[in-house]
Amino acid sequence: MERKLTATTEIDVHFYDVDSINMVWHGNYVKYLEVGREAFGKEFGIGYMDIYNLGYVTPIVDLQIRYKNIVKFDETLIVETSYVPSKSAKLIFNYLICKKSDKTIVAEATTTQIFMTKEGEFEVSTPDFYREWKNRWIA
Amino acid sequence: MERKLTATTEIDVHFYDVDSINMVWHGNYVKYLEVGREAFGKEFGIGYMDIYNLGYVTPIVDLQIRYKNIVKFDETLIVETSYVPSKSAKLIFNYLICKKSDKTIVAEATTTQIFMTKEGEFEVSTPDFYREWKNRWIA
Amino acid sequence: MERKLTATTEIDVHFYDVDSINMVWHGNYVKYLEVGREAFGKEFGIGYMDIYNLGYVTPIVDLQIRYKNIVKFDETLIVETSYVPSKSAKLIFNYLICKKSDKTIVAEATTTQIFMTKEGEFEVSTPDFYREWKNRWIA
Amino acid sequence: MERKLTATTEIDVHFYDVDSINMVWHGNYVKYLEVGREAFGKEFGIGYMDIYNLGYVTPIVDLQIRYKNIVKFDETLIVETSYVPSKSAKLIFNYLICKKSDKTIVAEATTTQIFMTKEGEFEVSTPDFYREWKNRWIA
């Protein structure tokens, strides 16, 4: 049976995140997803620098965000970032963003990343370290 | 038969758009889509201020981006923003982003917006001005 | 004798803050100053919403940043925001940003804000609430 | 007699540039200065990539912005970027930002950059290519 790997982190909404209709500008959620992914990477040993030091970067190839509720200045958000198991050489995450105050869900999202060598070559097969990471955490 | 409404605009990639792996940071594409939408709004009389002056704002409820190729500093992009007809009270756009130099497609995207009054009430039925706009441009 | 009013807050550097020469892009420090100001506002009861609810906003009219050292991805910064007493109707803050790890100073900054009514009129004389705030905290 | 070297470029203000008090967020002016610098670099052959290909990057060490007027959504700005001659190994620029519509000055700014090798060593003496560039354009 597969374990569900999830990291949880908090984000404060600042003045510069808010647009002229007094809500967080929709594009800023992409930053919140990145903060979530960074928290996941630290907790489960698969962060940006871990991967970079093994010779790879992991560009985003697909991004989907469904906005459910408005977020205002000065709120605190909770981002839950969950690993989505996949047989392919991809890193897929689901995200749930809610308000800390009353747990209202404000957005759900999914990102897909692929592996690219630092020299810029796309890696179609699963890198060894990623297979080992899956064996350790998912199997 | 429906007409295809498309606006085309150019965007220069600046140093501040590029991340530490020397490509445009994926979150910045959300800005490029907004520039495309603004160009569409100006060309077809349905821009942010046009709608705002009629009492509405149009928050994004769904965003999807598929990244196809890397973009580097100093390139010029072309954003094609096309209106997607829909019977519901929504504004849906498809986007095609390519490099000006060699027409390589770098991303495809879709956004969905709904209508909200300036007072913050969601509008489920199609606002009159939007029905008239559709009649003028699409029918 | 005047008291020195200082608020201290921590900021994590994220991937999206870093530019293509692997250091925090200089423009992002303006966000860090805002985070510092927000922390000050909360601690001393003179935050954005406090002021807004009294009918004022406080646009920045002067910004100075002196960059002392490079900041890299994944570092944690400490921002110290100190109120600078002034007889005029201004809000002046000094900032000291250092690395949490070894206390290296990475930047010093100063911002000056003036008072504007929500209707957009500049306020040349000191608003009552600000005089009272000064009396309470500085005198 | 020294010549004044100035590059002029236009910038459209987008929705994502505007904050919740309906004016361009002050931090976004740092981007506008960078756009101005890039225009200067192209016009006078001292752009980011020109310098990078010679082995150097030029981090900002000092930034000053004086905000003179509010800028709203959908305005077009003109940025004039002028080279400030200096005997030291620095790149200093003055900026004048005004509205295209009525030439109202909205901000004045100054930035100072120093030379750093790609390996991260600060260059105290004037690099050869910069001396030659000065001889060509200023002398």
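Order of writing sets the chain letters: A, B, C and D. Residues in each chain are counted from 1.
Here is the rule we use: a residue touches a chain if its C-beta (ideal position, glycine included) is under 8 Å from a C-beta of that chain, and two chains touch if they have at least 3 such contacts.
Please read these numbers as outputs of a predicted model, since none were measured by experiment.
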item: Most remote chain, CA-based centroid, reference being chain A; value: D
item: Pair from B-D, B-C or A-B with over half of its contact pairs in common with C-D; value: A-B
item: Averaged-CA centre spacing for the pair chain B and chain A, given as whole angstrom; value: 24
item: Computed distance of Cα centres, chain C from chain A, in Å; value: 30
item: Centroid spacing, where centroids are CA-atom means, of chain A and chain D in whole angstrom; value: 35
item: Residue numbers of chain B (touch at least two other chains); value: 15-16, 21, 27, 30-31, 34, 73
item: Contact set on chain B toward chain D in their complex; value: 14-16, 30-31, 34-35, 38, 48-49, 73-74
item: Residues of chain A defined as touching chain B within the complex; value: 21, 23, 26-27, 30-31, 34, 57, 59-67, 70, 118, 120
item: Chain D residues touching chain A - in the complex, by the definition given at the top; value: 15-16, 18-22, 25, 27, 73
